[in-house]
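Here come two complexes built around chain A, the first alongside chain B, the second alongside chain C.
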Partner chain A sequence: MSGLRRSAMALLACLYLAALAAGWLAPAGYAGQFRESPSAPPSRKFLLGTDELGRDSFARLLYGSRISLTLAPAAAGLGILIGAIAGVAAGYLGGWLDICLSRLADLFLSVPWLFLLLSVRATLPLNVNPLESIAITFLLLGLLGWAVPARIVRAAARQLKGEDFMLQARARGCSPLRMLTLHLLPSMRPVLAAQFWTSIPLFILSETNLGFLGLGIAEPLPSWGNLLAGLQKIDVVASSPWRLAPLVLLLLVMACFHLIVPLEDPSR
Partner chain B sequence: MNIVRRSTKRPRTRLALYALVGLLLLSEGCSSPARVLEPVTHGELSFCVHAEPKDFNPLMASDEPEELVKFLTAGVLIRMNRLTQAFEPELAESWQILDGGRRIEFKLREGVRFSDGVPLTTDDVAFTLRTMLDPATHSPAADPFRTGKGDVTVSEPGGRRVLVTFPVPLAGVERLFDQVPITSRAALEKSARPAEMSVLGPYRIAEYRTGLYLVFSRNPYYWKKNSDGRRLPYIDSIRLFIQQNREVELIRFMRGEIQLINSIDAESFERLAAKQPAATRDAGRSLESEQMWFNQVARAPLPEYRKEWFRSRDFRRAISDAINRADLARVVYKNRAAPAMGPLSPANHFWFDAGLKIPLFSPESALRRLQQRGFTFSGSTLRDRSGNAVEFSVITNAGNVARERMASMIQQDLARIGIRLNVVTLDFGSLVERITRTFNYESCLLGLVNLDLDPSAQMNIWLSSAGNHPWNPGQPSPETAWEAEIDRLMRAQAVEISTARRKALFDRVQRIVVEEAPVLYLVDKNALSAVSPAIGNASPAVLHPETFWNIEHLYFQGPRRGHARQ
Partner chain C sequence: MRTRLLHRLATVGMTVILGGFLAATLVRYAPGFGVDERELDTRFSRETIRRLREEAGARGQGIGSYYVHYMARVLTGDLGVSAGFRRPVAALIAERFPETVRSAGAGLACGWTAGMLLALAGVTVARREFDFLTGAAVALLLCIPSAVMAFAFVFAGTLETGAAATIVISLVILPRVFRYARSILGRVATAPHVFMALARGNGRFRLVWVHVLRPAWPSLLALLGVSVSMALGAAIPVEVICDSPGLGQLAWQAALKRDLPLLIDITLLISVVTGVSGFAAELAQTRTAKGDSL
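On to the complex of A and B.
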């Protein structure tokens, strides 16, 4: 294991620990409004200053990390899992199943999501507590994010199906299940990993957009999505650069994930 | 309103002349704020409109872009002075209200011409009014004229007079004509080719590039003159950039590409003030207020116990007592707003009831009111007499940062008295659907702009049968005694001719609304705008269009201005 990889793992572990220990590290809490100190700069009391309502930005970053670091990978994992099953089934088995799944993925990608999400919002009750809102948000993201990975995995599966090692395994009488689990899926690890890592920031940012439809993380809970939404005004960021902390953290976390799990399989 | 002219050419001695020349040379590269500048009666003024105009027929103006074009190009019989809020003669040199408000007679100004040089006649005025009032035209400007009790008729008794007769007496009838753009048959026929359309306002459309900009040039026959007898307007042309993004608009203003921003939010205002303090204008309280109301619709798909809370005056007033309005104004609006006292803002000089007080912030009083109604506060939860935890949602439109912040602050205020408030942000379409059709909501946080100062213009809000009655629209008959009383008072003021008696009636309406608290008025926002220091005679008002209501009197100070390219 390289030193860089070890450092990335250590950093990520520290971040997770800090997020879990948010209550101890930031006793002010994420919801407390110090209305006498809105938009305050960093100080001993508020390490990263306060937001426009006087809430401790450091506490919000830690609590937001807890939500986003747990649930964005979970949503990405769900999307990739569904996409991998559908893509491998379509690409490896082919035939009518390929046609049906491919058309379904095409249909999924062509559906105007805005209207679908509006319908989803209409069916949900308005009195959803913040914790339920987290579960709903990321479940939706996971369920809606399968089609792109499915198409990519299908293409990879079709390509690998004709490779020599697959023909050799078939010639030796491997069962289809064994071929899939022992030969095909391990060979697709780089594709799946790439999809997984690229999905995480996408899901974190998508969560902000869902907020416009009443489906995002509900106030007063913080998430990286709603913290990043505060960076839209360039001159505000320029005059108070500590507001970039969520973005720096997001980039750091993504770099760590990439370093921990290399996209290229060294065994190949 | 006259511009200040001061001559700088008064050489008395050679020394003074040299000093003057030296100062002029120095001032080539820099400008001093203390310098009194000669008005420049040419140049191009630029500002933004936030959407594409849909129609150039002035009678069909309904949204911001069309209203803006109408204001720049159309002439009206009477105009409300946006600063003094008094009516002033425009195309009509005088008017007379007859038969207790049933008839109004205008006498047209002599010598008024359209921008193509054709004289204005009483036929044109009568044609405009008849076309507008024709139901087939579907003109939004005609809506306030429709009383539902007969037709409005227009006649020309002669002597440059036009007589408008209403089926019933109408209080404050003259205000209706501030919004009626006078045009002609020939002009309306060319409304599809706006550059060819003749107008009576200070500007005419010279060029329109879809999605980019509109250019207006001076109307060479505009009737208004300044005190020196010089024909107005001062500024040669206006370029109206079509720019939806408010952030881009602010950046363009900071770069000097545009010279006006009509309305600006408190946060952007503070950002601008930090960089260009001389460009920010705070005209004090505006007519815009932010408010919250509870759903009181009987058929709403809500649990009965919650409907019972929302219909209780004590519950509503307790929520009102628990909200810290001063904090909302200070934190969310950076002190560019003030706690609201009632349905009207003090910016409505005449109709605002000065006897109303700012609601006191008192969580203790809120809890007392609730306990009197059988609610109990134990631990950190408030429960009703059936043991239901008090929890409800508030919906507001997503993307409105100020409202989202207010909702968060109210959430914390209510948590102090054990109430859990769930904040739900929805796209505007879904929100409107819920508050007007499905009634599937519990409380709503929205803003209201009173564009018309007269209470008669608010009949569609206050009458219990009205579609826009926020908390319980379209009631076949008033469901509560106090709503019946409001109905009676509103109908009485609508036909009362004595302004003093109308005021007394509407004051009573305001007091009932504050006592019963069907709507919790939160803050009155300030009228914030941005005006380049290069513009002279600008006096932003609280009424629309805030910065350029006196467009014909605006002028450039300093060197000649060209237009900024997009």
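On to the complex of A and C.
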């Protein structure tokens, strides 16, 4: 592992730990309002100032990071799980199942990622409470993001199916379940890990874009999407550049992911 | 080859049929389907509200018959009336589609040209410093959400909305095209036939054009098909932030108004465009491969 990659992982770990310790680092909380100091500049009390409602921007950034950095991997895990099941079923079992699952994956991939997200998100209620909005946003990402992993896992499963060790296992009378769990899935671990690490930054960016468009996580819960949506007030950003902190943090995190695994998925 | 192309064409057809079914299912089972909020408007008479309920009742049929009616309407060009805009969907799409074609098309062309030129320069120059600098610039572009990028251009305020949308879409396309093209070209550039051509004293331009670019062309054409999908996907946040009246902005407005039939029609249209562009890329790929084999 290169030094740069190791540093990126360490930085990500530090950021995540800071986000987890948000309650201790920023006791004001993400929703606490200091009505006597709205839009305050950075100070000892408010490290990144306050927003127009008097909420501590540093606390909101930490809590927002906690949500994005916890749920994006969870959504990626869900997407990979569904993709792995579909991909293994299609690639290993083949036949009609392969044809049907491949066509379904083609269908999902034929619609640009954001259009797909927007369409399915709009079919669900828009005025929901913040916790429901989190569940909807990240479940959607996980449930709709299965097609790319499925396609890659399918190709890997087809390739592995004909390998010597698989033939040997079959010749020894291994049951299909044992072949899958003991031989096929462990051999696919690198493929699945790569897909997992590639999906996380894509899901973070998708949540950010949805939040920027007002279809992400609902206030008062913070997320990188709705924190960045605050940048749309041009005059406020121009007079108080510290409001760019969420963007800087997002760039830093994305750069870390970028160093850990190259973002090479052109279909999203 | 012909079988493969026919298969691809059949896939596009299947996408429309299956996509239409999924779209119809989404609309039919979306919470609030068949309920018209105008029923709460006290200005409407009882008779009007009864009519509205009748209309809703007509729409509240089973998924099978709903799908058949939906597809029959779509095939005759009747996409229905938008509840949010109170206008025919076909007219709305016809009005907005050219703007998206213009911004996404121009963005795609600019992004592709810049990405390819950078990748070719990387292969030609073949220096670590150049690769590091371009790699860092491209990585930075990949890290920024397209909405934020669009916002930065609006913030700068030096460009008119259409031009800003085009530039942002090209900046979304450029890094992805560059990375793939650089990887493909880099792989071809280290192939034995290139060393042989170099040893034979071929000029640098001829080397890149004939021995590197031509063999890589089929893979690059496949990337072109995927780029259309990327450009259309980027059109949503870009058109919204840049206030460019295209399909992306219309889809966003439809989502906010929960105008599902309109949104689904737009998504189906976009999936057809993506499918057809993939088919065209594959056709071009086949022709290129045929030309090379001759």
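Throughout what follows, the second predicted complex is superposed on the first by the 162 of 268 C-alpha atoms of A that agree within 3 Å, B and C clash if a C-alpha of one lies under 4 Å from a C-alpha of the other, contacts with A are read in each partner's own complex, and residues count from 1 in each chain.
The working rule: a contact is a pair of C-beta atoms (placed from the backbone, for glycine too) under 8 Å apart; a residue touches a chain by one contact, two chains touch by 3 or more.
Because the structure is predicted, anything quoted here is derived from the model rather than measured.
Peer 1: Name the contact category of A:Val128: first (chain B only), second (chain C only), both, or neither.
Peer 2: first
Peer 1: With both complexes superposed on chain A, which partner does A:Arg35 reach: first (chain B), second (chain C), both or neither?
Peer 2: first
Peer 1: Does chain B (first) or chain C (second) touch A:Leu47, or do both, or does neither?
Peer 2: Neither partner.
Peer 1: Pick one for A:Leu205: touches chain B only (first), chain C only (second), both, or neither.
Peer 2: second
Peer 1: Applying the touch criterion given at the start, work out whether A:Ala218 contacts chain B, chain C, both or neither, answering first, second, both or neither.
Peer 2: First partner only, chain B.
Peer 1: After lining up the shared chain so the two structures overlap, which partner does A:Cys174 touch, if you call chain B first and chain C second: first, second, both or neither?
Peer 2: Neither partner.
Peer 1: Please name the chain, chain B or chain C, that touches the greater number of residues in chain A.
Peer 2: Of chain B and chain C, more residues of chain A lie in contact with C.
Peer 1: Let me test your reading of the model: by the given contact rule, A:Leu139 touches which partner, first (chain B), second (chain C), both or neither?
Peer 2: In the superposition, A:Leu139 contacts neither chain B nor chain C.
Peer 1: Scan A:Leu93 for contacts with chain B and chain C and give back first, second, both or neither.
Peer 2: Neither partner.
Peer 1: With both complexes superposed on chain A, which partner does A:Leu118 reach: first (chain B), second (chain C), both or neither?
Peer 2: Both: A:Leu118 reaches chain B and chain C.
Peer 1: Enumerate the residues of chain A that count as touching chain B in its complex and touching chain C in the other.
Peer 2: Common to the two interfaces on chain A: residues 118, 121-122, 126, 212-214, 232.
Peer 1: Mind pulling up the chain B residues that touch chain A in the complex?
Peer 2: Within the complex, chain B contacts chain A at residues 247, 267, 271, 327, 330-332, 391-393, 395, 398-399, 404-405, 407-409, 411-412, 420, 422-427, 430, 440-442.
Peer 1: Which residues of chain C touch chain A in their complex?
Peer 2: 11, 14-15, 18-19, 22-23, 26-27, 30-32, 139-140, 142-148, 151, 154-155, 176, 179-180, 223, 226-227, 229-230, 232-234, 236-237, 240-241, 251-252, 254-256, 258, 260, 263-264, 266-267, 270-271, 274-275, 278
Peer 1: Write out the stretch or stretches of chain A touching chain C in their complex.
Peer 2: 103-104, 106-107, 110-116, 118-126, 201, 205, 208-209, 212-215, 228, 231-232, 234, 237, 247, 250-251, 254-255, 258, 262-264, 266-268
Peer 1: Along chain A, where are the residues that touch chain B in the complex?
Peer 2: Residues in contact with chain B: 31, 33, 35, 38, 52-54, 118, 121-122, 126-130, 211-214, 216, 218-220, 232-233, 235-236.
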